[in-house]
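Chain naming follows the written order as A, B, C and D, and within any one chain the residues start at number 1.
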C-alpha cells in the first residue's frame, strides 16, 4: 500500500510499504477513506520528537476490512472513526475513554513512532479497537468524522476543562484549526462574550463569522486588550490553543483572579518559564492535556449528528494522498490561507 | 503601644508606636490577645518583598475595642478572629469570603506593607470588618482561633482544591505548620492513604502521630518513592506546602495522569521552570493560591468547635511579644524542633 | 395611584389606592414602567392561597423614585428590574442572590399577600433593594427586563438544576411561557436533542420554531413517546414546567435510570402521589424550587445583553393596566393563542 | 447443596437443592464462605414482592470454584466478594460499576426471583463476573467483605448523594445496619454535627459510641428536634435509611431550604404522599436509589483495607446456615438487640 513517510526534517514522501496486519486479537485493520494533517504533525515535520521512517498521521476514518477474534463492537464493513490516541484498550481507563490515563502505560499517538504506524495511508492497523473506534452514525459527514478523530475532541476537552459558566466572558488564544474547534466547543457552554485572539487576519475573520469578538495581539498585546475589555479584571476563563511559551503566559496573565486557564496547544518545553507568583496571587486553576479522544464522543457525536455543531469549515484544502509532500509544504508555510488539509487516499 | 517592626533583613525589634485608629466607618480596632509568626513572615525577614518599617504579623485574634459606624456584625467587647488577608470588604467577592478576588483590587495581607500594619502588636486596625472578622464561638480555644486566621484555612483550601475523593491515595509535600494543616484538612476528604513527605525527621514523626505514612526524600527522591508506593502510577492528588521550585516540580512529577496538584507553598518565582510537556502528557490540573481565609470559616469553625479537627499541636513555642526578635531567630533557624511560635502581647 | 386588586376568585379590578412609601432604610420606591401577568398569578386568580384585597403582580421594572438611607447600589433615576421574590435582604443567602433560602425566614413573593403589595401598579415599594434589584444595562429591552424578574430566571434555574451535559437528550414538559424559558435555557447547556411536550398545538409550534422536536401527549402518552424516542431508555434529564400531579409523574416516568427531573411548575399539593418505588429502582435525582431570581442575573443579564438569549417572543399580548380585568380573563381562558400578557401602567 | 428457600410469608427453610452451574461464559460459580441476612430480605419474608421457592440472599462472599471462558479478572481459587446487584455485565454502565443503570435492562438482585438464586447457600452462580465480583484484598476481613456486597455500599452511596460539605450539620434517620453504614459513610465527608435519629435505644447507643448526637423521635418528633438543634433552619442534608412514608417525609421536613435529602431505605410505595409544595418552597434536591454496589468499591475497599473505615460492629449474631429459620425469626422480631446476622454455610 501507499503511506506518507517522514524521511527527515521537512522531508516527507509517499512510499509503497507492506500492508498492515492485525496487531492482535483485539485489533482491526481499516481501509482509510479520509485523513488529515494536524498541526501537531508539524512538530514531527520540523524534526522534533521524530524517528526517521515513521508513517505519519493520526486523523483518519475508513472501513473495517479485518477484525481480531476478541473485537465485539465493530464488524467488517463498518465505517468507523478512529481515536488519534490509543492505550492498552483493556484497562478501566481505556475502556472508559481515557487512553492517556492508561493504567498499563500504553498511551500512544498514531503516526509518531515506528511501533504505531499512522493513518495517512491506504490502510491502518488499529489496536484495542473496542476502546478506540466508533461507528460513524447517520448524519455525520466524512469531514466531520475526520475532525472527531482528534481536533474537535481536543478543542472540546479544552473547553470542558475551562470551567465556563453561562454568561461568562472568556478568551480563546490561537485561532488555527484546534483553536476554532475550541471556540465552537466553548460556545456549547454559553459564555456571553468570547474574545478570540490571533495575529492572522483571516483567522480572526473566521472567528468573526462564527459571531465572536476578536483581538489582534499586535494592537497592544493580548493581556492589555483582554484586561481592557473586561474592566481590568481579566477573563473568567482562557483557552490556549497555540502551545508557545508566550501565548501560554498570555493566558495566565489574562485570566481573572480565581479563573481557569485550559491549554490545548502542544508544548514540548520541559522548563516553561511559568509566572508562579502571579498565578499564586490570582489563585488560578491551570490545566493542560493531550486529549482523551474517545471520552468526548458521547457528547460530540450526537451534537454533530443532530446538526448542532458544525466544525467542518476548518477544511480549506482537499488534496490527494499522492500530493502529501506538497500538502505538508503548503500547510507548514501557511500558504493560500490554509487552515486544514484533507487527504484522499484514493488519489 | 508596642509592635514588632521589621528594620531590615534579619532584623526585627519591638518598638513603641502610635496606637492605631479606625481605618474608616467599616473598620474596627482590636486589642490583640494572641498572635503568631507565619512561615511567610520569613520571606519578609529574609528581605524579600519588604519595606523597612513594616509592622509585622497577619495571624492574630483579640477583643474589639472600637467599631466604625457601618459595622454590623461585631460589637465592642466581642472576641474575634481576623482574616490575615483582606480586600475592599464591600464587593461581592469580599462579602462572599474571597478577598483575594476583590473586584476593587483591594487584596492585601496584614503586616506586609506600611499601609496595612500587622497584628504582632498590642492593637490592630482592621478595615472592612464585616467581611474580615468573625466572633470566636464557644468551643474554640485561643490557639485554635489563631490558626483559623491563616494557616488552617490555607491548608484547607489547598486540600479542598486537590480534588480528593474517598479512598484516594494522596501525597503531601512539606510538613511544616502549613503542611500539617493541609494534611489534617486532606484527611477531611477521606483518602485511604496519605504519603507525607519531608526531609526533617521530627516533622515526619509529627505526621506519623497523625496516622499517615511518611517519605524522606533523601531515600531516593520524592517522585521515585511516590511512584513505587503507587505501583508506578503516581498519587491521585498531591498537595505542595513548601513553595520551592524543586518541591513544586516533585509534586507535578509525582501525580498520576489526570490527577491534581494543589500548591499552598509561597512562591515568589516569576519564571518557575515548569515541566510543561510532562504536565501535558499526564493531563493534570494544577492549582496555586493565597488563601481566601474567610471563605473557609463556615466549614472550619464548626469542625474545630465540635472537636472534629485539632490542629493546635503545631504550636511548639510560646513566647512574649517582647521576645519577638528571639522568636524570629529561633523560628528562622529551625532551632529546638520549632514548628510554630505563639506570641503573647501582654508579655 | 392605580393598582390591580384581587377581590375574590376570578375577580380583579383596577383601583385607586395610596401611593406606597419606603418600606425602610434598605428599601426603594419604583415607578413601574412595565409589568406582566404570570401563570402563577392564576393560582391567586382561581382563589388558591389568596387574601382578598391583595395587590397583584410580581413581574415589574421601572425607575427608582425614592431610596432609603442604607441603599448602596442604585440611585434615584436608575432604571431597574426587580426580583419577583425577596428575602430579608441582609443575610448571607439574600446577599448572595438566594432569597428563598433567607436565613431570617423572610422569603416572600410580591403580590401574594397584603404585606408585600405587587407591581401591577403605577408604583411599588421594594424592600432590601441592594439584594433584590439590578440596574437594566444597555442592550436589554424592557420586555426582556420584565422576563428577567421571574420567568426567565425560573426556567434557567430549572435547566441549571437538571444536570444537562453536552450531547444529552432531554425532555421539557409544558411549553407555556415558563416552559419556553426553560427550553431556551436548557439549550444553553447544549443537549443534542430536546423533546418538547405539550398538548396545545400553537405551543408546540413555538418550540418547533426554536428548533426542537415536539411531542403531543395525546399521541399515546408522554412516557411512551419519550421512551420510544430514546430507544426505551428514557431522557437524560426532564424539566417539568406545569406543576400538575400527572405531568410531574410523567417526568419521573420518562427519565432514564440515574437521570434528573427538575420541576419549575408550581405545585400546591401537600401529598403528591409520588411513584417512589420507580424512582428508587431508577435511582433518580428529583429537584423542585421557587426560583431564587437574583442568583441567575450574573449569568442571564450578560447573555441577554449580548444578544445570545432571546426569550421575548413569549409575549403575545400587550394591554394597558386599566384593562387588567380583561387581561386576566384572556390569559386565564387561554384565548387568542395567548402566551403571556404585558401590561402598560401608563395606559 | 443446601440453600435457604422461601416457602411463603414468614416461612423459610434450608433445603437440599441442585448445585448451580455456570450461567454462561461470562459467569463463575462461588463456594460461599460467609453470607448475611439483609433488612430488605424481610420484605420477601413478609410476603411482599416474593415468588415462592426463591433461594434467598444477596450478601455473600466465597471462593471461585469454576469460571466461564470469557472471564478475565478472577480465577479458580480466588476469594471474592460479590455485588448483591447485577446487570448484563457487558454494557458501558455495567462495566463502569452501575448495574442498576444497565443499558440492556438487566438489573437484578440476587435472591429475589427464581431466575437469580441467592447466596444464602453453599454455592452460588454469578453472571457477568468481570462486572460484579472483586478479589478480597489483604486487610479486609470476611465480615467486612460481606458488608461490601451490599449495605456498606448502600450507605456510602446514600451519603455520597447527600451533597455533604465539610463542617455541615446533617441528620441520619434510621440507625439499623444500613443506617449505621450510612452514618459511618457520612462521616467520610466530615460534617461537624450528625443528628442520628431512631426510636430504638440500643440503636441510638450504637450511634453514640461512634461519636454523634442522637434524637429519639418520641421526644417531640423528628422534625421539631432537628429544627430546634439547627436554630430553626433544618439540617444541611438528611439521609433516610428506613423507607417508610413517615420517615421519608420527616427527612423532607427536616432539611434546610436548598438542602438535599438522600434516601437509602427501601420503599415499595407507588403513590408516596410527597409534600410537594413544601419541597418546592424549600427548593430541595431529593435522591433515592438501589445502590450500584460495584461503583463504590474503588473508594470503599481501600478505606476498609487501610483501617480507615470499620463497619463490622453491625454484626450482633453469628449462626449456622442450618439455623436460617431461627435467624430470620430473630432478625424479623428484633429479638436480643439484633442488628445484623451472619450465616456460616459450613454449619
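Points worth noting:
Throughout what follows, contacts are C-beta pairs under 8 Å (C-beta built on N, C-alpha and C of every residue); 3 or more make two chains touch, one makes a residue touch a chain.
All values derive from a computational prediction rather than experimental measurement.
Centroid distances built from C-alpha atoms place A farthest away from chain D. Chain pair C-D has a twin interface among A-B, B-D or A-C; that twin, with over half of the contact pairs alike by residue number, is A-B. A straight line joining the Cα centres of chain B and chain C is 45 Å long.
A separation of 41 Å divides the Cα centre of chain A from that of chain B. Under the contact definition stated at the top, not a single residue of chain B touches 2 or more other chains. Those residues of chain B lying in contact with chain A across their complex are 93, 98, 100-103, 105, 107, 161, 232-233, 248, 256-258, 263, 266-290, 292.
Within the complex, the chain C residues that touch chain A are 156, 160, 165-169, 188-190, 192-193, 298-303, 305-306, 308.
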